[in-house]
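Structures follow.
Below, subunit A partners subunit B and then partners subunit C, in two separate complexes.
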Partner chain A sequence: MTAGDLLPMLVALPLLAAVVPLLVARRSRRLARAATVAVLAAQVALATAVARLVLVEGPIGYVVGAIPAAFGIGLLADRLAVAMAVLVAVAALGAFLGDRSPRTGPELALWLLLVAGLTGVVVTADVFNLYVFLEISGLAAYALVASARGADAALAGLHYLLVGTVGATLYLLGVGYAFVATGTLAMADLAPALAAAGHGSTLVVAAFVLMAVGLGVKLALFPLHAWKPDAYAAAPPAVAAVLAALGSTVAGYALVRVTFDVFTVAFLEAVPTVRTLLLAVAAASVVAGGLLALRETDVRRLLAYSSVSQFGLVGLGIALATPLAVTGALVGLVGHAVAKGGLFVAAGTFARDYGARTVDDYAGLAARTPATGAAVAVLAVSLVGLPPTVGFASKWYLALGAVEAGSWAVAAVVVASTLLSLAYAGRVVERLYLGTATGDGADTATADGRRDGRDAVGEPGTAPGSVPSGEPATTDGGRPFRSPLVVAAVAAALVVGLGLASTALADWFAPVVEGWL
Partner chain B sequence: MSELPLGVDGWLAHVVFALLVGVGLFVLIDDENLVKKVVGLNIFQTGVFLFFVTSAYRADGRAPLVAGEGPFVNPLPHVLVLTAIVVGVSVTAVALALIVRLYDEYGTVRLDVIRDARAEAATAGPESTDGDATGGSA
Partner chain C sequence: MTDVVSWLPLAAVAIPAAAVPLILASGARPTVREAWTGLATLGTFGAVAAMVHTAGTETTGLGSIAGLGLALRADAAGLLFALLASTLWIATAVYSVGYVRGLDERGQTRFFAAFAASIAATMGVALAADLLTLFVFYELLTLATYPLVAHAGDDAARAAGRKYLAYTLGGGVLAFGGILLVGALAGTLGFVPGGVAGLATADPTLARAAFGLLVAGFGVKAAIVPLHAWLPAAMVAPTPVSGLLHAVAVVKSGAFAVTRSVLYVFGPETAGDLGVALPLAVAAALTMVLAGVVGLRQDSLKRGLAYSTVSQLSYIVLGVALLTPVAAFGALLHVVAHAFMKITLFFAAGLIYVETGEKYVSDLAGVGRRLPATMAAFAVAAAGLVGFPLVAGFVSKFHLLLGAAASPHPAFVAAFLVAGLLKLLYFWPIVYAAFFGSRERASPASRHPFAPPHGHGHDRSTGGLGGAGVDAGPTAAGGPTGADRTGDPATVADGGYADRAGRVDRADGVGTAGWEYRTPTTESSAFLLVPVLFTVGVAVVLGVVPTALPFWELAETAVAEVFG
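Entry: the complex of A and B
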């Protein structure tokens, strides 16, 4: 099997395997779950194998069915794409293991379809197929959000669907304009063809703006962010974790691809208005997301608003378009995915085990679950961007890039984002560790009442609050309690590890970034 | 494909495309009926699909059959639109399924009525319906 054959398997494996849990679940849900875990683990192995090949042989291209790339379906794996593919596989596996609530066959199948769609977005070399994969992942995400019980989830899922579909369709319209301007859809052919059509031409500018706005909806940049908090708060914990880690991250990756591979930096230089607009929207996202997070009391909604702020930073990196800033944006995409995924897994386990949903509910929880509490603290530090975490590396590159480009305003926004995130993430950690234990019992009692009404789907045996902290696993079969802790701990270890190895991470992206700029 | 359909027919097609997109978006945003929102979404998407079809247009072009004589219209956008239609149908199916769930819960497909019901539930018993209260800003 050659390198080229492995590449389509990245998409084909989860896509085809999505049928398996659907069929197996009729016989045994446990078996269906095991099969899903096996596929997700195989996806991690496959993505790692492709990454190793790319490291040795350089970028790998593949054309499905050997139809010329201008008409056919091209796939491309460079260092950036494989890094994202590994991230998708690892985060999906982690989020899946981070919650042990029983899942039906269709939910398991949707989970694999989501991975297939996200991986497809990552490895495609064709702007139209990017739309198709975006919608495959989108559809799976809408359905997964709505898979939680109750009207909340249905309404949040529908809201997400309507907004997300408008975003994807706007992106499609942008693809249409680019196609009319150039007559091709392959990313490699589009770059020179768009330059030939004239970067300043109305058609080309409209194409970029429509594609950027469409992806901006998926990214949840500031004025287009309203779907996110509802969706994350209403989704089942594991789904919230995987979407928080990957949903917007992959859209951010797509925006990077479209900006630098399709339109190229020459377009940004030729049309400064577009660049200014992107900067303004991104800066507004950073500030507005931070302020909204500051005001929020529900932890999952707070984390969702924090994402709005963090993806604003990614947008800043893209708009600045200097090597340092773009590296900062890419490192930020990876770092945010790990940190936010881990935080949502932890939030899920706090909600399930202690009925803690709001910041005030978190008071003193660290004393009861020291390990999870510590993981949350480390992940929050990465969100704020303090050394030695990966969040710091990302903001450091971004700030350096802004200063290097002479954009003091952007540098100020990056610093302001650190202060804002310190305020909202610090509030959570402060409650977690220093929250008064007085009234704790009463809090837990009301929370339990809530929980019984809403979360009866969860493990029936896990009486909330009855489990002593630290050693929760021994009596109730172990894994239902321990797996989220392990996932959160691994995420915390990863943000520190990636932070310490941030130079290596930046070096990994360097050939791709140098190719763009 | 650099030859844009800028004849009178071409302009008309673009006007129709813009109208459909505008009408669809307006209905999607303005109407409180969830089913009509989905219909609006479909009109919006159809407008975009027709834009693709328009881009394939070529004066005196024929259906792109290998046996026939040229010139042909560009077949690629037609293929793209077929794919996009499949995506659109799937989205519609999921949306309608969710609306059925909401209807089962609230007995209405009107968003304003659902909002009122949720607000009422939130004020009536904030303790028991906390989740609804936090989602009330939807």
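Entry: the complex of A and C
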């Protein structure tokens, strides 16, 4: 197996392995879960191996079935793609481990399909193929969101399905127009072909706008963001974590690819209206997301609006299209994925063990779960963008890029976003540490915290009223679960580590960014 | 001075930081926990002291964030601040032990851990080699001190904590904007004595905007009016916190950062050319006077000290903004002098609270009998703040006045003199009442002519300008007696004076029948008293033989570097 063969394995492994838990689950759920974890771990190893290859040899290409890339499916792993592939693999593993609830065979299969789809989006070099993988991951996501029991989840899943399908269809329309204009679907060929067709031509502009709007739906940019809070709040905790970490992140990556690899920065310069529109939408997302988050009481909805704001920042970086700004957007994608994933894992822990869903419910929880509380605090710091976290690094690059491009309004928006996120994230952390816990002397009476009666996202495995002691519920042979805490702690360590290593991260992306700009 | 790569700057930051997990882990055994704090204080002091008299300037590189290098560098100004903070941490650590045990405070482990973290951050601010490193540690300082401000956990503490965070993190955002601009204009963020070259040639409007953002952002912690409101509110924190952090570390970090911005980023020449120093000086002068006036009206002792801090910090800012060597020298000396004097006052206030339960100036008549050594130290420190010779404040104020007189704007001399007078008007009656007033008998000596007793009129907690209320001033002849305070402000609606004969003191068990006599050896625990005497002693040494301590030389070196 040559080096290049590893690349398609990145997609093929989770795709084909999705069958395994489906079959094994008939025998034993625990075995099926273990198999899934094994596949996810193998995916991490595979992605790291490919990344190392790319570091040594440069970008790797692959053509599926030896059909020429102009007509067939090409895969490309450059530095950006492998970084995202590693991120997808790690975040998926982390989110999966972050929730201990047992899952059915179909759910496990959907997890692996989701990972396959996301990884496919990341490594593909063909715009139509991107749509296919986008839909694979989307369908898996819709089903996973609805897999929580209850009407909320079903409704949220349906909403997500409708909105997501519309978005993907818009993207497909855009791809169609691009095909009509150029006759090819491969990214490498599209770039010169679109230039030849004329960046200013209506067809090309329409193609871009449709593709961007379609991806914008997936990114939940304002005003196409309404599906996000419902979906993230209603989904099971692990699903919410993986979607928060990866769903829009991969769509953001796709937008970066489409903008800079397919249409290139020359297009943005030829059609300044598009750039202005993108800037405006992104800036509106930043502000609207922040303001909406301020008013939220449900923590997961708050975090969802926070994501809207953060992806607005990414959009600003893309629209500015200078090396520093784009670097900031890419670093921001990575950083946000880790931070948001960790926060959702922690939120899931709080919801499950203490029945805490709103900001007020979080009062004083840090006293009962000091390590998780500390992890949440660190992750919130990254969200706000204070040094030395990766959130600060991405905001610095963005703001500096804005200043050097002379775009004072954008710089002001970036700086103002820090204030907004301070307000909403600070509220949560403050409640966590300084709120007075409702129901004191609750060290012994966690039975209070279970509140199975109002648990809309009930777990199939736990029997109501089965927890007399103060320990968090165990569902697997009496072992107390620490995995969510570990995941959250690792995420917290990563945001600081990535921040301190942010120069190296930016250097990693530099060849790609310079190639575009 | 050549740069020498060394681990000492990193040690000064890392030792207190390393103490944090150790303190958290030994929460169940207070003696071990206190031992960790003690070891960390001595270690930090040792690391800083080792750097003071060396020939080279120690630096430690810390990697980079977002393409910008982070580094620590122990130059003269940084060492001055670091030496000050580490010395006072030793004193405060000892004092804190006595204080939290004396009051049996809850959450002591979190308290000591957050303290250590705050010192680590302060060391980072002091020894930062560039704006970004300073900003990183500056924000970490905010985060580390927040649990200390909100320590009490009740509504007032939480509100104060929220206000503190809102102001300081908001200021951080402004400072971030300023750093961004400086980075874009000058291409570098490193501190250069005398200013970064790129800023001299940059677009003046942008350079002025950068200066304004930097100074406004850092000015929040330096408590320049109108950004000062968090400081009086933060007085809900335990007294050791108020003392070290809010009289020394946090606020001095703000003043220090402003100093770095004016002298090491923009430099005296560029700042003068841009014309930005004069507005800053005016703001500082206004702060000095306004804070002095508002502070006069504070019956809560700690709030009065807070306003005094606001006022004194602007001495430093004004000294720096005058852009002359003598004024800058005075400012740097004042960083040290004010720290020792103010912390003495805060320690004394805390000691009074632990021993007698009193928080208000109007309740302190005659307390000099009960706490002779403490009040003597208070008197000496207050005298120093006013500017009496033989105490540290005189030396620094002398240089500030000289510098102001020699500067292009001698009118600022008046600001210093007026501020000093206002301080005298506030502190002298307190001291006089403590020694010559008495609680059981009404006497003119027992009443503060400016600060109305807290039981009268509305709540003075807003601290706004011209806080009104029924004034029990010197003109109210017939009513007030020595016992005219109410124990419960909520019962006062019409300004009538309820008797508080039934109230019993916490420690004394004596009612309004006067304080009992104590001698210095019996007035309080050694944990509390010895730090007070230590800090006031240093303040006196600084006043009598200022050159004996390293601060003088460090300030001289710093000024020589900046002004050439």
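Here is the rule we go by: the second predicted complex is superposed on the first by the 475 of 517 C-alpha atoms of A that agree within 3 Å, B and C clash if a C-alpha of one lies under 4 Å from a C-alpha of the other, contacts with A are read in each partner's own complex, and residues count from 1 in each chain.
The rule we apply is simple: a residue touches a chain if its C-beta (ideal position, glycine included) is under 8 Å from a C-beta of that chain, and two chains touch if they have at least 3 such contacts.
From a predicted model like this one, the values you see are computed outputs, not experimental measurements.
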Would you mind checking whether subunit B and subunit C clash or fit side by side on subunit A after the superposition?
fit
Looking only at subunit A, is it subunit B or subunit C that touches more of its residues?
B
Contact-wise, after the overlay, does A:234 reach subunit B, subunit C, both or neither (first, second, both, neither)?
first
Considering only touches as defined above, state whether A:143 meets subunit B (first), subunit C (second), both or neither.
first
For the superposed three-chain arrangement, angle subunit B-subunit A-subunit C (C-alpha centres, nearest 10 degrees) equals 140
Which partner chains sit in contact with A:418 here, subunit B, subunit C, both or neither? Use first/second/both/neither.
second
After superposition on the shared chain, which partner residues are touched by A:397: those of subunit B (first), subunit C (second), both, or neither?
second
Between subunit B (first) and subunit C (second), which does A:434 come into contact with in this model arrangement: first, second, both, or neither?
second
For A:381, is the partner it touches subunit B (first), subunit C (second), both, or none of the two (neither)?
second
Under the stated touch criterion, which partner chain does A:426 make contact with: subunit B (first), subunit C (second), both, or neither?
second
Tell me the contact category for A:156 with respect to subunit B and subunit C: first, second, both or neither.
first
Rounded to the nearest angstrom, what is the minimum C-alpha distance from subunit B to subunit C in the superposition?
27
Let me check the overlay on chain A: which residues of subunit A are in contact with subunit B and also with subunit C?
none
Subunit A contact footprint on subunit C (complex, rising order):
63-68, 70, 132, 135-136, 139-140, 143, 147, 150, 153, 157-158, 161-162, 165, 169-170, 172-173, 176-177, 180-181, 183-184
Within their complex, state which residues of subunit B touch subunit A.
1-2, 4, 21, 25, 28, 34, 37-38, 41, 44-45, 48, 51-52, 55, 76-77, 80, 83-84, 87, 90-91, 94-95, 98-99, 101-102, 105-106, 114, 118, 127-128, 130-132, 134-135, 137-138
Given the complex with subunit B, which residues does subunit A contribute to the contact?
71, 128, 131-132, 135, 139, 142-143, 146, 150-152, 154-159, 161-162, 165-166, 169, 172-173, 176, 179-180, 182-183, 185, 197, 230, 233-234, 298, 301, 357, 446, 449-450, 453-454
Complex contact set, residues of subunit A against subunit C:
331, 381, 386-388, 392-394, 396-397, 399-400, 403-404, 411-412, 415-416, 418-419, 422, 426, 430, 433-434, 436, 499-503, 506
